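I'd like to ask you about the structure that follows.
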Amino acid sequence: MGNISVELFGKKLRNPVMNASGTLGYGKEIERLWKISLLGAFVTKGLSVRPHHGNPQPRIWDLGYGMLNSIGLQNIGIKRFMEEYSQFFRRRRTPIIVNIFGFTEEEYFECARVIGHTSVVLAIEVNLSCPNVKQGGISFGKDPEVVRRIIRGIKSETDIPVIAKLSQEVKDIVEVAQAAYEGGVDGLTLINTIPGVVNDGGKFIRGGISGPFLKSFALKAVYECAKRLPIPIIGAGGIMNANDALDFFLAGAKAVQIGTATFVDPNTIPKVIKELKRRYKEGRWKRDL
Amino acid sequence: MGNISVELFGKKLRNPVMNASGTLGYGKEIERLWKISLLGAFVTKGLSVRPHHGNPQPRIWDLGYGMLNSIGLQNIGIKRFMEEYSQFFRRRRTPIIVNIFGFTEEEYFECARVIGHTSVVLAIEVNLSCPNVKQGGISFGKDPEVVRRIIRGIKSETDIPVIAKLSQEVKDIVEVAQAAYEGGVDGLTLINTIPGVVNDGGKFIRGGISGPFLKSFALKAVYECAKRLPIPIIGAGGIMNANDALDFFLAGAKAVQIGTATFVDPNTIPKVIKELKRRYKEGRWKRDL
Amino acid sequence: MESIIEKNEEIIENHYILNVRVKGRIPKITPGQFFMVRIEDREVFLRRPFTVYDQRGDLLSIMYKVRGRGTMVLSRMKKGQKLSILGPLGRGFHIGKRDFYLVIAGGIGIAGVHLLMKRIGKKAKLFYGTSSSLGVSLVKDLMDYEPVISTMDGSYGYRGDVVSSLREKIDGFLGKDLEVFACGPKEMYRSLKELLSKYGFACQILWEERMGCGMGLCFGCVVKTNDESDPEKRVCFEGPAFSLWEISL
Amino acid sequence: MESIIEKNEEIIENHYILNVRVKGRIPKITPGQFFMVRIEDREVFLRRPFTVYDQRGDLLSIMYKVRGRGTMVLSRMKKGQKLSILGPLGRGFHIGKRDFYLVIAGGIGIAGVHLLMKRIGKKAKLFYGTSSSLGVSLVKDLMDYEPVISTMDGSYGYRGDVVSSLREKIDGFLGKDLEVFACGPKEMYRSLKELLSKYGFACQILWEERMGCGMGLCFGCVVKTNDESDPEKRVCFEGPAFSLWEISL
């Protein structure tokens, strides 16, 4: 089969396929179907300094061609995650990308501090779509100035490469990406869920939309940022199969993340990897990785 | 059948259902299937001061649960439209909403001037998603300051009520809506298509996404703006049937526009109107219009 | 897993039993475990969870009630059509070595205890509650076990809800080494908890929440428990069988 | 309009004829007019346009080639299934009162002139080009009219493209009050234009562009013409039949 390994932040990954944050549990659950070591890298659930309970039920809505979730960033906290799980990924020889978030700028910096320096961590992925409680709940990622400051702050706390994960609901995603770059970011993940609202029996509930809905928006973000910025981009949003993944590579992504597709078919990730290898071997996919 | 008439800008409309701009031609074409006078109001294609050729082929992509278009605002110009078509709508006793756009702020003002004052025009709907050629092509609607200025300028040119049509691809749609309100706007249409990118055989093409994709984003925009602003909101985005329309009314919209659904079933608009009447009569839809 | 529909039959209005023949071997199923079913429809994206109603060899059954778009489309499927199913998933009832069991089912909740009854029926008493005599058809397969049936309108058996019928009979079961299994709506669990709190029986229930993945990946289905170190449990992964005493009702 | 599939038959690889029985009356159809077909699939949202291949009473046929997802799903549909179709749409060929007609079809373009030939066949000569002898099956219904057939690989009739075969024969038709009708790929139209420009015949062609609505509503299907006051014509509304001389090729 084709060798589709890729270099990211100076490390060689088996392949350019990862899960998207928050869509593969803590990593152990899926092993009844396939080995986590299949992944190019494992991306953790969003983790915060303190554990977080998340939102009340219901948390999931089927939108027909995608879904809306209001999980609310439930997690056990970075510290506990690192203690209980990093050994598992080390044994599996699977690099992890730690996805972090905070409700204040200081919390982001604290996250980076808590991770410390550990060889199993390939990078820190900064979820900037979190609401800023000090700013009336508007998300950090909307303001280029705030993004620059958060990235700079995190970079000063850690030697681990830092990825900024951006949302499409901004004035201009290139402008925000540029700000992250000026802050010293090492890469970008594009895109996070897009906020939407559903009518749940008369009550309007806000959540994040993911799945096939997102692909065209995500492709736009990747395409426009890849043209302008000299850092690696990880594409995410609505990837359901190898063709979708290839669209992202063609648009300029160096790696991809697969999220919601796993819920519909939990074998999506291994299938995509297999198909990418096949196409690469057959010469139907030319890469410059 | 139930009386679902609604008052908008001091005029009584037969019902709160309109077509969305650019999705019902110049108004005559659909008459082989149903009378245009069924509509609460007819919304024109986007019109500009000078005629506009639009984009090369292809212009349409099927995205499975919606579509992407790059029509490129082709139109015959406001002047010619008013000369050739206003008589038709007058005979049909159907108020029209003239959708306008420009590539400079001055062009928006000129549009308003050209329309003049004519009784068949219920309102001017300002498409703010157009690229600003003097500002590197970033769309007018992204900058609250620009929106305020354009609305204020148009208001000073005309007595006709002015509606601002906004796109969701902004930092915060409430902030932009607020700016339009400060500029003196009389109503809002939420939302326009959202920009996306498709891979067309290796070439990446930018266009606007419409259809069921949009509903949850549009509902969010309507819900959030309706809570904050005391002006009527017209909801648009992915309305496929009466249930979808009711979600928008519940979220705070005073009227709705139906666009892409007409392509899939050209009788969508009459069906929705009929069903709304039925529900209203049966008391299953309580309104406060 | 791929499967082929053998039968999709309406039992009473809006209630169906679906039998599918599975390609390949089905792993051993614990009663209370479920499958995630992919429903092919423009408006149904995520899989839908259904408890295993019955299993014989490669034949798998679910009993379901039409609630929304997904179950409606499912109800229109015909013999010979393909169905992608994923499972068995979750942790089912833990059946220990008790002397006797009380099994409580409300409405479509019967789907959740049918396989259980087939396994432990001889050592169990089933209490089944439904709205009217029509609903009795859902339990006809288990009539040999002489279930105690109650209907809300009194058109068959006891008049009233299932927990009331249990309340009337419960004295007859005291003193035994007993465990209670239950499946039904949340209100049923609430009154069951109230009743059983006097007796302190062990009690396992099947909990339902909307699911995204069914495999512990999305945290969409969590329910609050009184476990202090990890209060939020995934219904699909740590459940759907939980102790009645650990769930915050 | 609702319709029921009567037959959906593969003629040669990837080429099908679909017959549907329409509920209600079909308005009179001009050859070259088309229907918008709704294809039920998770990934197909917009209707797809297909020219009327044939019509008898309430029976309507299209001939189609599998090109992408929509036509692939269509090819799997079976007798008895429902199909929503919309039409007839557009402006078909304007058939005047000429003495004689030349009809030119390339590949699946035969679908666009089949009904036309049935109407004017006796006063017309059909030139049909395809890649190999396999493609000849697509024209078997019209063999009575003794079509001039060409294949790119020479495995049947003339070797070469259809316009070359016309070039060889055209002298035989000069002097007549003649009009040309054509349907095929854009390259065919280009060489046809080059050939016919010497003779100045009237020539109508069927033009294809991707369609959003098929009814003149979206301006998705426009083509540039040399009409100065309104250069951009909608294929679905002002076409699909256009004069070869007005289209910018």
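Letters A, B, C and D mark the chains as written, and numbering starts fresh at 1 in each.
Please note the rule applied: a residue touches a chain if its C-beta (ideal position, glycine included) is under 8 Å from a C-beta of that chain, and two chains touch if they have at least 3 such contacts.
Quick caveat: nothing in here was measured; it's all calculated off a predicted structure.
Looking at subunit A and subunit B, not one chain touches each of them. Each step here moves to a touching chain, and the least such steps from subunit A to subunit D number 2.
Taking the mean Cα position of each chain as its centre, D sits at the greatest distance from subunit A. Annotation: 58 Å between the Cα-based centres of subunit C and subunit D.
Note: centroid distance subunit B to subunit D, computed from Cα atoms, is 36 Å. For this pair, subunit B with subunit C, the centres built from the Cα atoms lie 49 Å apart. Subunit A has residues 63-66, 212 in contact with two or more other chains. Subunit C has residues 42 in contact with two or more other chains.
With chains as nodes and touching pairs as edges, the resulting graph is a single ring in which every chain has exactly two contacts.
Pairs of chains that satisfy the touch definition comprise A-B, A-C, B-D, C-D.
Taken in their complex, subunit C has these residues touching subunit D: 40-42.
Looking at the complex, you find that subunit A touches subunit B at residues 63-66, 68, 138, 142-143, 168-172, 194-199, 202, 204, 206, 209, 212-213, 215-217, 219-220, 223-224, 247, 250-251. For subunit D in complex with subunit B, the touching residues are 38, 42-47, 70, 86, 209-223, 230-232, 237. On the side of subunit A, the complex with subunit C involves touching residues 22-25, 29-30, 32-33, 45, 53-54, 57-67, 69, 71, 74, 76, 211-212, 262-266.
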